[in-house]
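Labels A, B, C and D are assigned to the chains in the order they are written; within every chain, residues are numbered from 1.
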């Protein structure tokens, strides 16, 4: 199935390119927009491993809510551009290259045993397959009940905390 | 595989062509309805040569006029984002329609053709995802124009859209409780009983309240009067598209009307049985007809509201969204789930 | 996941359409830029100050409240989808009160959040 | 079919880019964006492993991680706003009052 490999490579390249663009851009607004590019291509990659529900939630929550918040803050504060980094130790830059090579070699070594593992065939009854809304719903509200309920408290705490931090007294 | 791909490409292109034409004629319809409500005639001149054709060629003339308008990019604008923003609001608006079913299946040239482009397990979430991504076009248009009116309009508009998106999402949850699926094709198929009249809104009377919330929220989401604060012309000139001209302005307008059409189609699918209607089982060609009629009726209702109700003030708008629609849709979810719990 | 290929198709076609429209207006040879035309529009008066001023933090507060309630809505979706099936299926029927109760607890906690935001006056714009 | 190792490799790359961003960027918001990128890289690992093992657990982790990311973004950006109010700057090198 070469088509799937082509799709994977296309989206992986988009994801990496926009991730690198986050670092290359000096203006935070452009960095945020590149991150949206990464998020969207990751969502497409989730689809290739049958995680349909998570792929949709990724766009609704990450691209549609979290990044909107970031862009609002960037626009509201009118954030200045990033200043270039002042290098304190000049030599370290050259030490970085062999270390990066070492890490990549290590990654290849670790990933070697699973280089041929492929996706299992989905069961015939597609509705019950892993990744559908039904499978997520039944698992979330039975086996993963505690994290779900704790999440609600976490959201409440975040709401109160952020309100207190962002509001000025008498605002 | 190749056949399937070819079918998708053809369906997608046909749908896009229909949508673009529909947008053109919905603008004409809007002007006609407005004229009718205000006891005027409306556009009735533009036709083919000597034939006036009730102004049916007006959209074409409008389009030509817009193409030949001067394309202005302000000097202080953020060039890239300024050009990108209208595309960002148009593309999600165009993408929604592929999950909406507009008929059962027909036979054409010995092929059985399903009258929907695709179906997905998370169909409604796909629609919600595209709605939430639509905010970017407006925010970036407001920001990149480097104009006070644009920025203020963009911020107001996006705050309004995200506020009403909540009410929209939560009202959809009430429907999901009854349908038990996110797949729009399945949702419509389930409403086919009783001579094609087992529409959700007849079947579950509680959904009438949900529909009202959904409809109000979708009007606000598509920035229509009484919620057209983003382009409140008396306060903000033209809101986020103050600096836009020529085809870029057209793109914003197209996105707005496309969103109206999509919202009406989703409402039809969720509440009014989609393409279902009497005799549709025997005559599958009636499906798209019923669907179009229902969507047009909902669009007409939106226009009727537009020319009847005055515009909200911004504080009223936010109060209405957060303090009325949001709690109301949460209460609706509680009532609906309790009802289902005790359903046999 | 073959069913999702049309999303890619329509994304490509719609992007192409948007690009064609933008290029079309570029090639219409009727640009006569003048200084006044390219200034920010302020009702015909010389623009005062800059548009890049700091805006009210209210917008941020609303966006934040939206983000957190949006999460709630997203959690409600899988619950709403399975709830009817749980009530009606043999395998899960004994769990139906559990399913009902846990979502009610979740919603009560978040309702407290809404009440907090309400009482703090975040949703008031006319002060 | 795409092998599992490709997904894990991609995830490692994205994580590295995010980590590098945290080190070389000075702007608090950009650093925050890089943290989000790292979270997403981990999410990719969880989702792909969940798909390859046929176990829905990984996807639920991702769901919870997204919630935590949202809560984190809300509080983190509120902190950034209050820092900006007090110091008129988002350069993390200047926010060092706690240093000895």
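Keep this in mind: a residue touches a chain if its C-beta (ideal position, glycine included) is under 8 Å from a C-beta of that chain, and two chains touch if they have at least 3 such contacts.
Quick caveat: nothing in here was measured; it's all calculated off a predicted structure.
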| item | value |
| --- | --- |
| Central subunit by CA centre of mass proxy | C |
| Result of counting contacting C-beta pairs for A-B and A-D, higher pair | A-D |
| For chain B paired with chain D, centre-to-centre distance based on mean C-alpha positions, whole Å | 34 |
| Mean-CA-position distance for chain D and chain A (Å) | 7 |
| Chain centre separation in whole Å, for chain B relative to chain A (CA means) | 30 |
| Length of the line joining the C-alpha centres of chain B and chain C, rounded to whole Å | 15 |
| Chain B residues counted as touching two or more neighbouring chains | 120, 125-126, 132, 151, 155, 158, 162, 181-182 |
| Per-residue multi-chain contacts in chain A, two or more chains | 48, 50, 52-53, 57, 60-61, 64-66, 68-69, 72-73, 75-77, 133, 136, 140, 148, 151, 155, 158-159, 162-163, 166, 168 |
| Touching two or more other chains - residue numbers and ranges from chain C | 4, 52, 55, 57, 59-60, 63-68, 70-71, 74-75, 77, 81-82, 85, 103, 117 |
| Which pairs of chains touch, using the document's own definition | A-B, A-C, A-D, B-C, C-D |
| Chain D residues touching chain A - in the complex, by the definition given at the top | 1-10, 12-14, 16-18, 20-21, 24-27, 29-30, 32-34, 36-37, 40, 43-44, 47-48, 50-52, 54-57, 59-60, 62-64, 66-75, 77-82, 84-85, 89-91 |
| Residue numbers on chain A that touch chain D, as the complex places them | 1, 4-5, 8, 12, 15-16, 19-20, 22-23, 28, 31-32, 35, 38-39, 42, 45-46, 48-51, 53-54, 57-58, 61-62, 65-66, 69-70, 73-74, 76-77, 79-83, 85, 103, 107, 111-112, 114-120, 130-131, 135-136, 139-140, 143-144, 147-148, 151, 154-155, 157-159, 161-163, 165-166, 168 |
| Partner chain B, residues of chain A touching it in the complex | 29, 36, 52-53, 55-57, 59-60, 63-65, 68, 71-72, 75, 126-127, 132-133 |
| List of chain C residues in touch with chain A within their complex | 1, 4, 8, 52-57, 59-61, 63-68, 70-72, 74-75, 77-79, 81-82, 85-86, 92, 95, 98-99, 102-103, 105-106, 109-110, 112-113, 116-117, 120, 122 |
| Residue ranges of chain D in contact with chain C within the complex | 66-67, 70-71, 73-74, 77-78, 81 |
